[in-house]
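See the structures that follow.
Next come two complexes, and both contain subunit A; in the first it sits with subunit B, in the second with subunit C.
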Partner chain A sequence: MMINAWDVVFFFLAGLILLSALGVVFIRHPVYSALSLLVNLCVTAILYLSLMGAPFIAMVQIIVYAGAIMVFFLFVIMLMNLSKGEYQERTVPWRLLFGVGAAALFAFQIFILAGEWRGVLPPGARGFGVKALSHLIFTRYILAFELVSVLIFVAALGAVALAKKKL
Partner chain B sequence: MIVAIVIAAIKLLILFAVLMLFVAYGTLAERKVSGHIQDRLGPYHCGPHGLLQPLADGLKLFFKEDIVASESDKILYYLAPMIAIVPAVLALGVIPVGDSVTLFGRKIGLVVADINVALLYLLAVSSFSVYAIVFGGWSSNSKYPLLGGLRSAAQFISYELILGLSIMGVIMVVGSFSLVDIVHYQKSMWMVVYQPLAFIIYMIAATAELNRLPFDLPEAESELVGGYHTEYSSMKFAMFFLGEYANMTVTSAVAVCLFLGGWYSPLSFLSWIPGPIWFALKLMAVFFFLLWLRWTYPRFRYDQLMVFSWKYLLPLALVNILATGGVMILLGGI
Partner chain C sequence: MGVGLFQYTVLSVLVFLLGALGLMVRRNAIIMFLCMELMLNGVNILFMALARSKGTVEGQVIVLFVMAVAAAEAAIGMAIITSFYRSRGGVGVDRADLMKW
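Up next, the complex of A and B:
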C-alpha cells in the first residue's frame, strides 16, 4: 500500500474530525462541547476543500453551520446559562450507552466502507463547482430538493406554533 | 513556486500594514468626524491637528493594567479578543485593490488570491467575527456582557442572512463569485446602477454586522455599561477595537468592490490616476459614510431591530433577487 501526500492530509484531518467529535460527546461543559462541534465543522469544511476539491460546499458548510447554526446553539446555551453542577448530575450512564451504540454503528460503517474510501476521491471528481451542483439540484434532484424545502418550512411553522401558544 | 509564495507573502505584509494604518487613523477619523458633527474640534493636542493621537492611544493602552475578572472562564476570556481581529485579516487575502503591475518583468496581480469562491469565502470568514463578541460576553461571567453577547448572537444571525441575500443580486448579474471578475464587470458602469436596492440593503446589513450605531445594541452603553467588553481592559480591550475598525475597513473595501467599481476611475479622463489610489479614495468615502451614520442616527430598540430585519429587509432582499432574475430572463441573459 503506497502512502501519498493526500493520504497523510486525509488521515490528519480525519483524526482531527474524530477527536473533536469525541470532544462534543465527552466534554461536560456545554460551551466547550459546542466549541468542539465548531472545530469539527470547520475541519470538515477543510476536508471538503482540500481533498474533495469542492470549495463551494466547504464555504457553504462554514456559512450555514459555523456562521448560523452554531451561533443559535451558543445562544440557547448562554440563555439557559447553566451553572456548575446542573449539567453534571446524572444517574443512568445514558452518555456511555449512546457512545457505545454510536461506536458500534461507526464500526459497522467502517466495515462496509473498508477499502473503498479511495474510490470516493477519483481524480475526475475534483473541482466539483457551483454550476454542476446547481444543475444537478434543479434537474435530477428537483423533487427531493423541493421536498426538503417544504420539510424545513413545516419545521419552522411547527416551531412557531409550539413557541406561541396564542396565535 | 517559491517566488510565487514570496510574492504572496510580501503582498500580505503590505496589505496588513495598510490595514493597520487604516485602523489607527480610523479611530482618529471617528473622533474628528464626531467632533465636527457636534461642532467641536476633536483631538487636537498630540501633534498638528491631533495627528499623533492614535500613537498616544496605543501607548496608553499598552501601559494600562491588565485586569482579568477572577471568576471569568479563562480560556475563552483570552481567546475572544484574539478572534476579534482574525476575520478581517483573513478577508484581506481575496480583496483586489488594483488590476496588475509589472515589476522586474513579472506581471503581478494586485490581489493575494483570486479564488473562484471569493465572495463566499468573505461571508464564511466574516461569520466568525460574532464568536469574539459571544465568547467575550459569556466568559466574563457578568450580567451586562452576557446580555451584550446574547443580543449580538441574535442580531448577527438575522443580518448575516440579509447580507448574503443582498450580495446574491450582484452574483446573478456577473455570474461569478470571484471579486476580480465582479470588478472587471464594472469597467464601464458601476454595479450600484444595476443593483441600487441591493446596495442599500448591503450597507444596512453591513452596519448591523459591524455593531455600529444605529445597530450597536451589543454594546449599548446607556443600557449595558459597555456590553460584551465591560470586563476587558488594556490590550485585550484594544484588540476588540482593533477588530472593529479592521472589520469596518474590510467591509468598506468589499462594498467598493461589489458596488462602486473597485479600482476603476469613475470618469474616463481621470483614468491616469492609478487604480489602488481610486480604491483607497472610494474606501475612505464608504468609511466616512459609516462614521457619518453613527453620529447622525439614534439607536434602534431591540424589537425594532428584529422587526426591521425579518419583516422589511428580508422580503425586500428576496424581491430584489426575483426582480433581478426576471429582468435577466426578459433580456435573454440566460
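Up next, the complex of A and C:
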C-alpha cells in the first residue's frame, strides 16, 4: 500500500484543526481561546490553499477572519478586562453530560447520512481560479452579492447604534 | 485508502460538533461566540469539499457569503455583548436572567 503525500498533508492539517478546535472549547482564559480559534482559521485557510485548490477563498479567510473578526473579538475581550473571576467559570457535570449526549446523537445522525457520500476527491492543488468565481458572483449571484453588501451596511449601523451609551 | 469526501465530511462534522459542544458547556458569552464561528468554519469546510468533489465553483460562492454573514454577525454580537456588559457588569450568560429590564 502506497502512502500518498497529499493524504499525509490532509491528516496533518485535520489534526491541527481538531486540536485547535478543542483548544477553543476547553481553554479557560478567553484570550488563549480566541488565539486558538485564530490557529484553527489559519490552518483551515492552508487546507483550502493546499488541498482544495481555492487560493482566493484561502486569502479571504485570512483577511476576513484573522484580519477583521479575530481582531474584533480580541479587542472586546481586552476592553472588558476579564481578568479576575469572570473566566473562572465552573462547568457543571450534568451540563457537560447533556452536551456530550446531544453531540453524540447528532454525530450519529450525520454519520449515517455521510455514508451516502463516499466519493473521491481529485488530489493536488489544481483547482478553480478567481476568474470562474468572480464570473459566477457577478452574473448568477449578483442579487445575493448586492444583498450581502446591504446586510453588512445595516450590521455596521446596528453595531454602532447598539454599542452607543445613549442613543 | 485515499482521502475522499468521506474524510472531509468527518472533519467538518467534528469541527461543527466541537463548536456545538462549546456553545453548550461554556458560560462566557464571548467564548460562545467563538464557538459559533467554529461551527460556521466546519460548515465552510464541507461546502468546499462538496464543491471540489462535484467539480463546480458554486460551493466557494456560498462560502464567501457565509464569511460575509459571519462578519456581520460578529459585529452585531460584539455590540450586544458590549451593551450587556455595561448594564450587567459581566459577560456570563447566567447574568441574563430577566426578560425585561
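Just so it is clear, the second predicted complex is superposed on the first by the 127 of 167 C-alpha atoms of A that agree within 3 Å, B and C clash if a C-alpha of one lies under 4 Å from a C-alpha of the other, contacts with A are read in each partner's own complex, and residues count from 1 in each chain.
Throughout what follows, a contact is a pair of C-beta atoms (placed from the backbone, for glycine too) under 8 Å apart; a residue touches a chain by one contact, two chains touch by 3 or more.
This is a predicted model, so every value here is computed, not measured.
After overlaying the two complexes on the shared chain, residue contacts for A:Ala68 are found with subunit B and with subunit C alike. In the superposition on chain A, contact is made by A:Leu133 with subunit C only, not with subunit B.
Of the two partner chains, subunit B is the only one that A:Met78 touches; subunit C does not reach it. More residues of subunit A lie in touch with C than with the remaining chain of the pair subunit B and subunit C. Shared-chain residue A:Phe106: touches subunit C; no touch with subunit B.
In the superposition on chain A, contact is made by A:Val60 with both subunit B and subunit C.
The contact surfaces that subunit B and subunit C form on subunit A in the two complexes overlap at residues 56, 60, 68, 72, 79. Residue ranges on subunit C touching subunit A, taken from their complex, read 2-11, 13-15, 17-22, 24-28, 30-31, 33-35, 37-38, 41, 44-45, 48-49, 52-53, 57-58, 60-61, 63-65, 67-76, 78-83, 85-86, 90-92.
On the subunit A side of its complex with subunit C, the touching residues are 4, 6-7, 10-11, 14, 17-18, 21-22, 24-25, 30, 33-34, 37, 40-41, 44, 47-48, 52-54, 56-57, 60-61, 64-65, 68-69, 72-73, 76-77, 79-80, 82, 86-87, 89, 91, 95-96, 98-100, 102-103, 106-107, 110-111, 114, 117-123, 127-128, 132-133, 136-137, 141, 144, 148, 151-152, 154-156, 158-163, 165.
Of all residues in subunit A, those touching subunit B in their complex are 31-32, 35, 38, 55-56, 59-60, 62-63, 66-68, 71-72, 74-75, 78-79, 81, 129-130.
Chain contact summary for the complex, subunit B toward subunit A: residues 73, 75-76, 115-117, 120-121, 123-124, 127-128, 130-131, 134, 137-138, 146, 149-150, 153-154, 156-157, 160-161, 164, 177.
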